[in-house]
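There are two complexes below, and they share subunit A, which is joined by subunit B in the first and by subunit C in the second.
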Partner chain A sequence: MLTVASYSRAQLGARLAERGIHLQTGAFVTCVKSEVASVADGISLLYADYPVLEQAEFADFHISLHQAGGVRRWFRPQVRLDCDGISPFQPLPVAQAFPMFEWTLNWCVSSNAHRYLCIHAAVVEKNGYAVILPAPPGSGKSTLCAALVSKGWRLLSDELTLVRLGSGELVPLVRPISLKNASIDIIRRYAPSSVFSPVVDDTSKGSIAHLKAPADSVARAGQCARPAWVIFPKYAAGASAQLEPIAPARAFMRLAKNAFNYSLLGSAGFAALGDVIDASLSYEFTYSALDDAIDIFSRLTPPGQ
Partner chain B sequence: MSALPLLVQAFRQPQRLAGFTLVEWDLVLRQAAVANLTAGLCHLAEEAGLLGRIAPQAREHLTWARTVGERHRQAVRFEVGEIRRALAGLDVPLILLKGAAYTLASLPPAPGRLFSDIDILVPRERLAEVEAALMLHGWAASGHDAYDQRYYREWMHELPPMQHVKRQSMIDVHHAILPETAAARPDPALLRASAVAMAGQGDLRVLAPVDMVLHSAVHLFYDGEFDHGLRDLVDIHRLLGEFGKMPGFWDALPVRARALQLERPLFYALRYADMLLGTGSAANMDSAAGAAQLDRPNRPQLVLMDFLFRRALLPSHASCADAYTGIAHFLLYIRGNWLRMPFFLLARHLFHKAFISPKQAAG
Partner chain C sequence: MWRLIHGQTLQQRRWGDETVLYNDLSGDTHLLGETAICLLHALQVSAHDEAALVALVCARLQVGADDTAAHETALLLASLSELSLIERCAC
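Moving on to the complex of A and B:
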């Protein structure tokens, strides 16, 4: 199988700038075009294990990231995003091109793929049981997700939990994990062998770096998982790790608040969310030390046991 | 110009949908996305019984869009209910226009048609009451300075757009279908007098079939922006397909166009619907009584208009553009404003928008 790693960095750069590449991430194929070096660097580093479709006839999404022309070529250079005539984001400083690529891929899925209930949540799996970690920014969701993944949990997604309507399966969308500000160094120390993209400062979300997804998770991107736990993480400095059960109805409402297309899907969304909650144990989880968190997660008992 | 874009071919001849290759679907879906016609394309495929024969990757996208379309239809019905509730005590005749009318009357353009505003038509002398009632129920005029307020209230055919403070839904309250300042002045009283009720919708009304087609035509061919040009042309194509089967429709259409001073936009609507979508209105018009007198542009003007509209009515996608697409859009933008306002008023308006509004916004 052809992967991004099959190309040298120079070949990849040339392909991205000319024809673009058809990159497969889970269920979706994206045609990416860009002459911006940091985009090619990021894809080369973090997507090395991902399939590239050489003779692709179809892409679900078409993304172009181009450096703006005119004055902007020299003065505070910017990168422009174009999803085939639609620009979901304003131009950004060229240094933010790779994070912009990541945000755009998320946007493409969350605003189009209505075959799934799409929840703003990380999701990881072990022994066939998946944990959904929904949370607003700043709750430590991605940090916890990165730590779990470094200790052998399989990554399904750090950002978008996709629940297939009808079957209730969790469909992987394995992509790099986005870490912000202090989390970057925390994970560098916690998992020294992890691979990071260069830190980009001053984005709308602060400093950002992306962490490479484990090769094993990428290889298993076709295997769906079943929800077993819905855990709302909350980082609190100095707190001891604590797991508090929450009532299903309350968990349902909180999960609904984190879903992008819950109201758009109407009754199908309600049913899908209900199935997730029915199949899962729901907890609130307060933590500060990652080791304690990992320990508690390793001792979670699946529902019905 | 070369062959019609694939998306246009699909609406012209739905059977084409079964024959598109995967590579063609890759392009059709992108053209449909910018034209806001993906959900409409799904409906077209279902109507033709072809959805099951479409490549699974493409079908997946069509069904994603169908979900959005279904939700939209539900939301529009809900919003119209809320508007009726807000205006219930006024005893004002309420007429729905455009998208909301197609949806509530279950007309062929409705399934899969996405739009951002609900348009209603009320008598001019009742505007103040309607506006006050809507404000009481949560709609507020938003983001308009004193100049904009004057622009709408003095010169336009509608109130400044109102947005619901909680649900963010938009409503445009019209008292006519063309600005006060336009040369053509279709009499709204004529439109209101012919408006028709719908089964199970109480006193809520929509325009009569001929008027609905004429309004759709004037909306498209008096406008300066064509981002949704193809979608609006598809509306006309589908309305004509539906109403064209009614006895007397084709005889009444040119007569009504004359009475409302809307012959020219009707001429363009029929011409480009036939040209791009193969509506086949010309044959019907030829056999209709009094068709020959439909006001049409002179020869050089028609050549120019063909040049402009054959570009501007295509999806705004790179694959549908040629070297003249940009200039066509620009000239039609000028034309749209020109038709809506006399020269000096337009000059003053553009001057204010270009130099005074930005300064005030900065200050």
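Moving on to the complex of A and C:
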């Protein structure tokens, strides 16, 4: 199987700048074109294990990131984005090109993949049981997700939980984990062997770095998982780790608010979300120390046991 | 008289004494208690006058059909009407 690692950095850069590559991330194929060096650097570093479809005739999404022309490029170089003929984001400083690529991939899926219920939540799995971690920015979702993954949980997604309509299966969308601000150094210390992209400062979300997904999670990107827990994490400085049960109907309403396309899917979205809650135990989780959080997660009892 | 609005299928999931219900007409999802669901199920079968609904609620809650029960039932019916789940009818 051809992967990104099959190309040298020079070959990858040339290919991205000319024909582009068809990059497979889970159920999706994205045609990526860019001559911007930091995009090629990021893909080379963080997507090394991902399949590239050499003879692909079809791509779900077509993303181009190109450095903007004109006089500005000599003073404040910017990168422009085109995604299937749409520019969902304003041009950004060229230093933010790789985060922009990541945000665009998220946007493509959350805006288009309506054969799934798409929830803004991380999802990890161990022993066949998946934990869905929905939470607003600042709740520590990605930090917790990164810590769990560093301790052997399989990454399905840091950002988008995809529930297959009809079956209720969770479909992996394994991609780099986006960490912000203080979380970057926290995970650097917690998981020293982790591979990070360079930190990009001054984005709209603060300082951003992306953590490489484990090769095993990438290799198992075709294996769906069953939901077992819905856990709403909340980081609170100094707090002891604590799980508090949430009534299922309340969890349903909260999860619905975190879904991108719940309203669009109508009754199919209602049924899919109901299946997730039916299959899961729901909790509020407050934590501050990652070791304590990992310990609690390791002792979660699956539903029905 | 009250009746369920045509097109509402009352797709719902119930956990304990709480139910989430999909509103087929608005696309919204509502978190409802047992009494509201009791009323909706009765109106799904057929239209009822308000007195019959008060009696139904009181029987369900095992309380006397006094003015308070009638007032609370009327408020609940009004709320369900605002959500476009039920409507008054002349039938």
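As a convention for this text, the second predicted complex is superposed on the first by the 305 of 305 C-alpha atoms of A that agree within 3 Å, B and C clash if a C-alpha of one lies under 4 Å from a C-alpha of the other, contacts with A are read in each partner's own complex, and residues count from 1 in each chain.
We adopt the following convention: contacts are C-beta pairs under 8 Å (C-beta built on N, C-alpha and C of every residue); 3 or more make two chains touch, one makes a residue touch a chain.
The shown structure was predicted, so the numbers you read here are calculated from the model rather than taken from an experiment.
Peer 1: Do subunit B and subunit C fit side by side on subunit A in the superposed arrangement, or is it a clash?
Peer 2: When both complexes are placed onto subunit A, subunit B and subunit C end up side by side without any clash.
Peer 1: Quick check for you: in the superposed arrangement, does A:Gln305 touch first (subunit B), second (subunit C), both or neither?
Peer 2: Touch partners of A:Gln305: none, neither subunit B nor subunit C.
Peer 1: Look at A:Ala256 in the shared chain and tell me whether it touches subunit B only, subunit C only, both, or neither; answer first, second, both or neither.
Peer 2: Touch partner of A:Ala256: subunit C, not subunit B.
Peer 1: Should A:Asn127 be classified as contacting the first partner (subunit B), the second (subunit C), both, or neither?
Peer 2: In the superposed model, A:Asn127 contacts neither subunit B nor subunit C.
Peer 1: So in the superposed three-chain picture, is A:Ser267 touching just subunit B, just subunit C, both, or none of them (first/second/both/neither)?
Peer 2: In the superposition, A:Ser267 contacts subunit C only.
Peer 1: Kindly classify A:Gly85 by the partners it touches after superposition: subunit B alone (first), subunit C alone (second), both, or neither?
Peer 2: First partner only, subunit B.
Peer 1: Contact-wise, after the overlay, does A:His114 reach subunit B, subunit C, both or neither (first, second, both, neither)?
Peer 2: The answer is first: A:His114 touches subunit B but not subunit C.
Peer 1: After lining up the shared chain so the two structures overlap, which partner does A:Ile277 touch, if you call subunit B first and subunit C second: first, second, both or neither?
Peer 2: second
Peer 1: Tell me which partner A:Pro248 touches in the superposition: subunit B (first), subunit C (second), both or neither.
Peer 2: Touch partner of A:Pro248: subunit C, not subunit B.
Peer 1: To be precise, I mean the smallest distance between any C-alpha of subunit B and any C-alpha of subunit C in the superposed model; what is it in Å?
Peer 2: 7
Peer 1: Can you list the residues of subunit A that meet both subunit B and subunit C?
Peer 2: 263, 266
Peer 1: Would you pull the subunit B residues touching subunit A in the complex into a rising list?
Peer 2: 21-23, 25-26, 30, 33-34, 55, 57-58, 60-61, 63-64, 67-68, 70-71, 74, 316-318
Peer 1: List the residues on subunit A that touch subunit C in their complex, please.
Peer 2: My answer: residues 247-250, 252-253, 256, 263, 266-267, 270-271, 274, 277-278.
Peer 1: Tell me, which parts of subunit A touch subunit B in their complex?
Peer 2: Per the stated touch rule, the residues are 57-60, 62, 84-86, 112-115, 263-266, 268.
Peer 1: Can you list the residues on subunit C that touch subunit A in the complex?
Peer 2: Result: residues 11, 13-16, 18-20, 22, 24, 27, 29, 31 of subunit C touch subunit A.
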